[in-house]
Amino acid sequence: MTIPMVAGAGLSDLDFEKFREYFYKRTGIQFTAAKRYFVDRRIDACIQSSGHRNFGGWFAALRLGDRTDLLQDLINQLTVNETYFLREDYQFDSLLSEVLPRVLAGRGRPGRPAGPVKILSLPCSTGEEPYSIALRLLEEWDQIDHVDVEIHGADIDSAVLDRARLAVYGNRSLQRVPKPWLAKYFTRIDEDRYQLDGGIRDAVTLAQVNVCDTPAMRAVQDFDVIFCRNVLIYFDELSSRRAAENLYGALRAGGFLFLGHSESMSRISPIFTPVRLPEGLVYQRPTGAK
Amino acid sequence: MTMEDGTTATALVVDDAATVRLYHSSLLREAGFDVEEAANGLEAVEAALGTVFDLFVVDVNMPKMDGYACVETLRSDTVGTGAPILMVSTEDRPEDADRAYRAGANLYLVKPVSAKRLARVATMLIAKGVPE
Amino acid sequence: MGLVRRDTSPQVGKERSQAPAYDLLERHLNSPDPELRREAALELDGWDEAVPALLGRLDVESEPAVCDAILTTLVGYDTGPVAARLVGHLAGEDTGLRIAVADALAAMPESTLSLLPDLLVDPDHDVRIMTAMVLANMRHPEAESWLVAMVRGDAHPNVVTAAIDALLPSARAEHAPLLQEAMRRFPDDPFLRFVVETTVPRLAGTYR
């Protein structure tokens, strides 16, 4: 005998539309109709833990804007916050096949002297993202032997930076890393801990920086590519505007900015030019005299 | 609304007001278009980068990127569309229409636009592809 | 070739200690180089004495990226005098600047709301339409009551429809009579009729 699945509270279509529009306006994240069930369940969970009796009360509190804890809980519920190697690596595909060729083509033009290609991962958290970029470049970029590349990681949290420097990771974080790469670039400590080899660790520069802090970001300059994935969604209007301006300033003219898969600059700032790539959008600082 | 190649014409409705989008979208659907929506000029540019649209209906006053800047960007190398663009606005000064045409719009209408008018001009723009 | 590390030690602390002096930043705000102006506008964040210079620069600035940077800094000053100066741009000819200022005002609710009584009776209906846009994007509990006032009292149908649209995302069953009254005031407006006819029935189903 099968137990019929109860539909659960769920949202009316109208409420779902209101929520969808609000969430997009607030975070730049879009939900397709396919995600409806997923979103309904997550919202139910948020409502329950908030103490509000129903969607109406919870949504009204959320919209007022002063309950940052409600918003944080909602964003945490609706986004994947786990970090792991080669996360959303179709963007690394785009980096290799679309973006780096354009970066190389732009070198030597006025305003873009020859010199290392500079790539920044911000926030770099415990290092999976910048190290993923390093591994992909070493293993799969046909230009890596001809071009100097600087990889930088930055994060506001010094504790995660310490862990990034140590570069010890468990199976969960490493699950997408091809076994040959694991053997080649990591040393096994025990069955669930591997340390990235010193050569790669040393090749990545890590620094503590707050992306919203304009004076601090002044030291972050001349990058060809920045990965800033799934962090702008946490900022309010003021902070996300300032972060966007600081990221712009950190890029060279013509430099590229990757946001998270479902994020968009369209709700934050008009200063970047969107560029279509086969696997999604990337944002470009306009070319022109810097 | 069928294009020369047999496909259904696709329109992008751009307005920050959800109900205006709904209004223009339903009128265009009744006229036989497939319709997508964007809530500001930046979203419209991003949508146009991913989909070939046969018609754009663009509001003037929108946050982040206004309609004129949106139309200029749609016509520029960033998107480079040649599809007809209809601008719709609450402003009815002559200089606003001039501004729209300079930006690259084909037609400029003042809100509110009646159902008949929108269907008529949309159909005409698709058929002729040239400014009135 | 390959992955290279920057030879110099972390520069962040060093850069901070070499922060440009205020006078230099204020000079850069009027530099012929738009990038210097943009950077100066952002770096003047936190310098209260820079506010008049920033407001003054906004009056004459032609580069949109610089205007954005100026407003990003000014938005941090949710004060009456700043909002009052910014509001003047809502009537301006430059659509891009109007929009950018409206975005900024929406992020400065306390000071902007104090200006609402005057904005609601501004003789220019375009300013009142822009006011509805500001309220639409403003996260503040009082925004709604101002929108209701606009729907109830404005004489221009496009202002009323702009206010209704701003109100709809948070509209409840109790707003139905307000919307129906608006439709009665402007019987020839097809859009208003559409809005009321499609929305009012759905309002009854909200907030189960």
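All chains are identified by letter, namely A, B and C, in their written order; residue positions are counted from 1 within each chain.
Just so it is clear, contacts are C-beta pairs under 8 Å (C-beta built on N, C-alpha and C of every residue); 3 or more make two chains touch, one makes a residue touch a chain.
These numbers were taken from a predicted model, which means no experiment stands behind them.
Visitor: So which chain is the furthest away from chain B, centre to centre on CA atoms?
Guide: Relative to chain B, the chain whose C-alpha centre sits farthest away is A.
Visitor: Identify the chain pair with more contacting C-beta pairs: A-B or B-C.
Guide: Looking at A-B and B-C side by side, B-C shows more C-beta contacts.
Visitor: In whole angstrom, how far does the Cα centroid of chain A sit from the Cα centroid of chain C?
Guide: Chain centroid spacing, chain A to chain C, equals 27 Å.
Visitor: What whole-number Å value describes the gap between the mean CA coordinates of chain A and chain B?
Guide: 33
Visitor: Please report how many Å separate the Cα centroid of chain B from that of chain C, as a whole number.
Guide: Computed from C-alpha means, the inter-chain centre distance equals 24 Å.
Visitor: Going by the touch rule set out above, which residues of chain A reach two or more other chains?
Guide: Chain A, residues with two or more chain partners: 21, 25, 269-270.
Visitor: Of all the residues in chain B, which ones touch at least 2 other chains?
Guide: Within chain B, residues 18, 64-65, 69 contact more than one other chain.
Visitor: At which residue positions does chain C touch at least two other chains?
Guide: Residues 64, 106, 137, 169.
Visitor: Within the complex, which stretch of chain A touches chain C?
Guide: Against chain C, chain A makes touches at 12, 14-15, 18, 21-22, 25, 54-56, 60, 63-65, 116, 134, 137-138, 144-152, 200, 202-205, 207-209, 214-216, 218-219, 237-238, 241-242, 245-246, 248-249, 269-271, 289-290.
Visitor: Where on chain C is chain B touching in the complex?
Guide: 64, 95-96, 98-99, 102-103, 106, 125-126, 129-130, 133, 136-137, 157-158, 161-162, 164-166, 168-169, 189-192, 194-195, 198-199
Visitor: Considering the complex alone, what residue numbers of chain C touch chain A?
Guide: Within the complex, chain C touches chain A at residues 1-6, 10-12, 14-16, 19, 35, 38-39, 42-43, 45, 64-65, 68-69, 72, 75-76, 106-107, 137, 139-141, 169-170, 202, 205-208.
Visitor: For chain B, which residues are in contact with chain C within the complex?
Guide: It is residues 16-20, 22-23, 60-69, 90-91, 99, 111-115 of chain B that touch chain C.
Visitor: Using the touch definition up top, name the residues of chain B that touch chain A in the complex.
Guide: Result: residues 18, 39-43, 45-46, 49-50, 64-65, 69, 78 of chain B touch chain A.
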